[in-house]
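You will see subunit A twice below: alongside subunit B first, and alongside subunit C after that.
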Partner chain A sequence: MTEQKARSDALVKFFLTPEVTSIIPVVVVAVAATVLNPIFLRSSNLLTLASSLIASWGLLAIGQSFIIISGGLDISIGTTLSFAGMLFCFLARSYQPLFLCILAVVAVCLTMSMLNAMLILKFNVTPFVATMSVSYVSKGLANVVNYGADMSLAYGVRDSVLRFCDVFSVKPLGVSIGAFTFIFLILFSQFILQKTAFGRKIYAVGDNPRVARIAGIRVARVRAACFLISGLLTALTTILWVGYYSGCTPTQGNPWSLITIAAASMGGISLKGGTGSMFGLLCGVILMALVYNLITLLNVDANIQNIFIGVFLVLSLVLDTIRREKTLGKNI
Partner chain B sequence: MTQNMKKLLRRHETLIFFLLVFIWCSLSIINRNYGTVNNLCAILKTMSFYGIIAVFLSFVIIGGDSDISTGASAGFSAVFGTALMLETNCMGMLGTPNEWIGIVLCILISMAGGLLIGAGNALMVVKMKMPPFIATCAMQYILNGLKMVITHGAYVYPLPNSLIGFVRQGVPLGTAKVSVIFFLFLLALAAAYIVLTFTTAGRSVYATGSNRIMASLSGINTDLVRFRNYMVLHAVVAVVGILNAGYIKQGAPSIAQEWHLTIMAACAIGGIKFSGGAGNMIGLLIGTFTLFSINSAIAYIGINTFLQDVFVGVVLVVVVVSDSIRSNRKVKA
Partner chain C sequence: MEDYVLEAKGITKRFPLAGVIALSNISFHVKKGEILGLIGENGAGKSTLLKILNGVYTYGNYEGELFHEGRPVRFRSSHDAMKQGLGYVPQEINVMEDLTVAENVFVGHLNEDSRKKSFRMGELNRRAQRFLSEHHFALDPAQVVNTMSIGQKQLLMVAKAISWNPSILVLDEPTTALSQADVENLFAIVRQLKSKGTSVIFVTHKLEEIFELTDRVTILRDGKVINTYGRDQYDRDRIICDMVGREITNLYPERHVAIGEEILKVEHLTVLDPRIQNRNIVEDVSFTLRRGECLGFVGLVGAGRTETISALFGCYRDYSAKVAINGQPVEIRSEADAIAHGINILTEDRKMNGLLLLNNIRFNVVMSNLKKIMNSNGLLSRTKEDEESNKYMRKLHIKAPSNTMMVANLSGGNQQKVVMAKALHSDPRILLLDEPTKGIDVGSKQEIYEIINELLGEGISIIMISSELPELIGMCDRFIVLSHGKLVAEIDKEEATQETLMSACFM
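Take a look at the complex of A and B:
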């Protein structure tokens, strides 16, 4: 009897692993999409999906995951992307050389992420409040750059910038460079998280900071490093997106902060920190992208999209709770 | 005496109060129109819509949770309540002297809807143990969607005249008038102050927020406290939503959509601790007033109005940092 119970327990645990629980809805949504609208399976649709959605907030979600696993949260990465993107366009349109634009983007993203880290780690501000304050600053600055108007890189810029944007019209295998970067970074991050001492420290810090400190891990330093990684990834995403889009709008990334959190949470990265993997995140990102795509293809009222996303978020959170109770045996 | 003075000077409210005085003094010098009754009344009116919600959000935050679906909830109720008035002709009393009874009935039904929304949030946060921020974020998406389903994005109008008349009235003060909404805000503040300071219910909110396990061990039903916080918040939010619709004379789907962060900011500047268990209503009043004084100041200085967000962000950063420095000092002492 005990053996049988152990086996069924193992089965339950298997189905509750983040990868499995997030692959199932991916498959369900994909099948539903194919049945409901055959256009879904066309390569053009899938490739656009990979090039635009996944390459934009998918990349951001990797940085967000690092922060969440280490026990933090960042709702300012989207607005930081907006500001950095607008600054890139502004500098480019002022005939500044390409390297200066890129340098400015990196500087802005790193400053914002370090500001977050300082507020949270040095001054003990709740991550939500700290990043909310920073998101106000970057949201405002993004609008200040061009008085709330969009900026295009199609004209009035140096040749180097034009050539830079041209690079992104090259699509090997039909997908944008951003999508390749995303896949590469997922694999690389998974390697860091699983196979390096630093990666294991991130999990330890997120799971129980006090125990981690007693075990000799410099908690604040690990957490700050996670913010730094996220800042670098935000900079990379900004550069890729601005190049792909050949311009930027001041509200470009604002909704993406929450979408990345939702994707991470659906991919089994618990918002309580310390668990989750990059393959789970991959499933979460694909799932969110599919849901968006399906809703668009079904010609559903754009407003009903919101309801779907809300319901999906709730479902992912319920799953997270069940998973924690079953697999970790933790009474949270 | 000097000890007391020192204590008073170290308080969060004092710091914010000095900031407020500084803003008003310097802005009055920069622009003669800033320090006038007209501007004061305009600020009081705008801040009161946000402030009433902030008062009841404070209960949730002091109780150790948070809620970012307030804006969406207000917008939903604004559309839902006004559509209800329009469809039922104020329960068949439109145009009669009893019109206000119909309006009150419609508001009560919306409040019941608000209670349901609050119960939904509380269910997710308290019973299913989801992180409050992300659970209410989901609720925000759902409400924003539902709101559009009701009206298909159209504006709901014309609204009954007695509703518009009620919201837009005020007590004359010089050349301007103090909006009735401000008095509702004061009423909410006073009620919240009394409940938080003098009643068992209020003390149990603080207890739940500062240490939930200790609170439940000492016999407080913490789940009940947290459910109550959420439900009361959203019932009040429903009323504010409808009042705001009345003020702009139509149930616009865009009402309050972006309010949640501003309301959070008002609470943060007002000294309501996001870690739970601390904060008071006097601080909240000063904080809300300061936040909206800053917003108004940006407009009066005549610089890029998009700097409003930046300024609010900077003030938030300064406030939370100074708060943490002071609480660290207290721990050491």
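Take a look at the complex of A and C:
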């Protein structure tokens, strides 16, 4: 009886491993997708999936994960991307050189992330509230740039920008450059988290900032660095995306903030901070991308898509709590 | 049988994930109007047992049966346990700071008539006044709780539990944070309850309290009931032996350490109160520390002991002092500075300030100095990490199956040793210990004392804070007495007795 119980407990623990809990729904969703619409399995569809979905907000999710593990949260990265993307297009369409466009994107993303870091670390604002407020600023700015209209880079720009768009819409092996960058950065980020002192400090700060401080870690510096990393990744994503898409819309990245949080959370990166890995995130990103792709293939109304993100976020939060209770007991 | 207010039969509690059987086949009973002492080492299963009695672990999460006044009871929640007549006062202070005493006492049943939905403050205060004076609590119903002392808050929690008219009251180490006067006050209230026929289960580490207050004592060890003694059979050595499972001949081991040259000199240390403006919590404190010396800080709660060492460790921004280490003036502006200068600290509250609870032993131990576990290429080395953490696990006798055990699943004594290992990993020359044996059983205490002696022998200097005077007297070479943030006396080992130290506190 007790042996049986121990075995079932071990089983429960296995299924609560972040990678396992996110791979199972991946398989389920993939099978469901194949049954519901056989197009799903075609290589062209899978490549599109990898190119557009994962490459776009997948990169953002890496930055988001750094912030979440260090005990923060950023719901402004999506809107920052929208604004930075629109600004890129605006400058390009004003016949500004390519390097100025890129510089502007980097400046905007870093400013926004540092603004978040300052609000949270210096003025003690809750991450949710701080980044929520900042997201409204960038959301508004994105609309101001071109009176709320989309911008294309297909014409009316310098040759350097055109060449840039050509280069970034190239798909070696049928997959966009963004997807390759994503895979590379997942590996690199995991290396940082696992093998460097900085990575170790991120986990410690997310676990308990007071203990981290007593261990001699400069907590604010570590957390600010995570925001900085996220800012840089947002800039990179903006550049890759604008190049791939040859343009931008003022609401391009807005839903991505929440998707990245859902992906991280589904991948076992606890929103309470201090736990998770980039491999878990990879599973979470693939899961969310599959769900999105399935929704698109089934021609589901865009408004209903939000329901899916919401449901997955809720689901992952419940899983997170169960996981904590099973590994650490109820008192945490 | 009927005069047993509470009886437990064959209580077993397993934690399958940690692979631990916390309680195995526990049986005991409490008679009407009796004070039962419950004593045991940390990890003996006291907390687990209390959680079952108090409905935190609900029926079905444990094996065995509880009987309340002869009837089997199955608590569905803490509230359920309380309504069925089982009052519980947890160890931690747990009050609503911004509400009044009366509101705190009667929260959950603000109206005597439960059908009424609204209540009047005046009526509540009068009812609280009646209740408090009936039970001889010296508390003012209208006072807001955040202005009260820790001792008063502890009494308030007892009052709150009594307000539900429990037939049995469980007190979990209620005296940890109390001054002597408050302790006597609490004991008087407990005796009063007893005379009115309420039974009390009194959980403690302190043998003196068992001798003074209880009618019977039940000793737990390793999740089992070892023995139960009636008052006439009380014997200090026998109880300690039962608790520890071996005989402890000398709690404070002897030490032969030659005290060396002066290593630390602190002059005019003043710390501003972070909460109240224009007030100093530490004022003009100067002291020195020698190599291999153990310096004891004596004082009541709130005397500024913790604040003094916290300032020394760089926890405060608003402080001024002249600090010299080995004759060299140093500037300590952050915890990282302090560690770089060879100072480390063992904080009082290990759950809040000591441990990274989401992580394992290995992760915690190496945190204070990551450079030590780096390869020549600057990357962290798993091999070195294992070596270092295993070294400390052996040195400090941390009992765990491996260094990957989660610290949250360790017992209090082992957790404290992990915090100690974390501090030692940074190779400190000066170690600050704030209540290093708080909430730890006798066996682990002695182990900690031995570790302290070993460290002093290695030439580390120690500043120790403790609320238990016998411990300070047993361990320290010299004493500094603080009162209201000021240094009021410096006492040598030869002159130090409980009386001289205590009277110095009130100078």
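Miscellaneous remarks
Just so we're on the same page, the second predicted complex is superposed on the first by the 314 of 332 C-alpha atoms of A that agree within 3 Å, B and C clash if a C-alpha of one lies under 4 Å from a C-alpha of the other, contacts with A are read in each partner's own complex, and residues count from 1 in each chain.
As a convention for this text, contacts are C-beta pairs under 8 Å (C-beta built on N, C-alpha and C of every residue); 3 or more make two chains touch, one makes a residue touch a chain.
Since the model is a prediction, treat every value here as computed from it, not as a measurement.
Look at A:Q305: by the touch rule set out above, it reaches subunit B but stays clear of subunit C. Contact with subunit C, but none with subunit B, is seen for A:A215 once the two complexes are overlaid on the shared chain.
Using the contact criterion defined above for the overlaid structures, shared-chain residue A:V137 touches subunit B, although it does not reach subunit C. When the two structures are aligned on the shared chain, A:G148 is found in touch with subunit B, with no touch to subunit C. In the superposition on chain A, A:V318 makes contact with subunit B only, not with subunit C.
Residue contacts after overlaying the shared chain place A:L271 against subunit B, while subunit C stays out of touching range. Between subunit B and subunit C, it is B that contacts the larger number of residues in subunit A. When the shared chain is aligned, no partner comes close enough to touch A:L228: not subunit B, not subunit C. In the superposition on chain A, A:K195 contacts subunit C only, with no contact to subunit B. Under the contact criterion defined above, the residues of subunit A that touch both subunit B in one complex and subunit C in the other are 332. Residues 2, 5-6, 9, 13, 194-197, 200-201, 203-204, 207-208, 210-218, 274-275, 326-329, 331-332 of subunit A are the ones that touch subunit C when the two sit in their complex. On the side of subunit C, the complex with subunit A involves touching residues 14-18, 313, 315, 334-336, 338-340, 345, 347, 352-359, 363, 367-371, 374, 378-380, 406, 408-409, 422, 426. The touching residues of subunit A, counted against subunit B in their complex, run 73, 115, 119, 123-126, 128-130, 132-141, 143-144, 147-148, 258, 261-262, 265, 271-272, 301, 303-311, 313-314, 317-318, 320-321, 332. On the subunit B side of its complex with subunit A, the touching residues are 66, 124, 128-131, 133-135, 137-149, 152-153, 261, 264-265, 268, 274-275, 304, 306-314, 316-317, 320-321, 324-325, 328.
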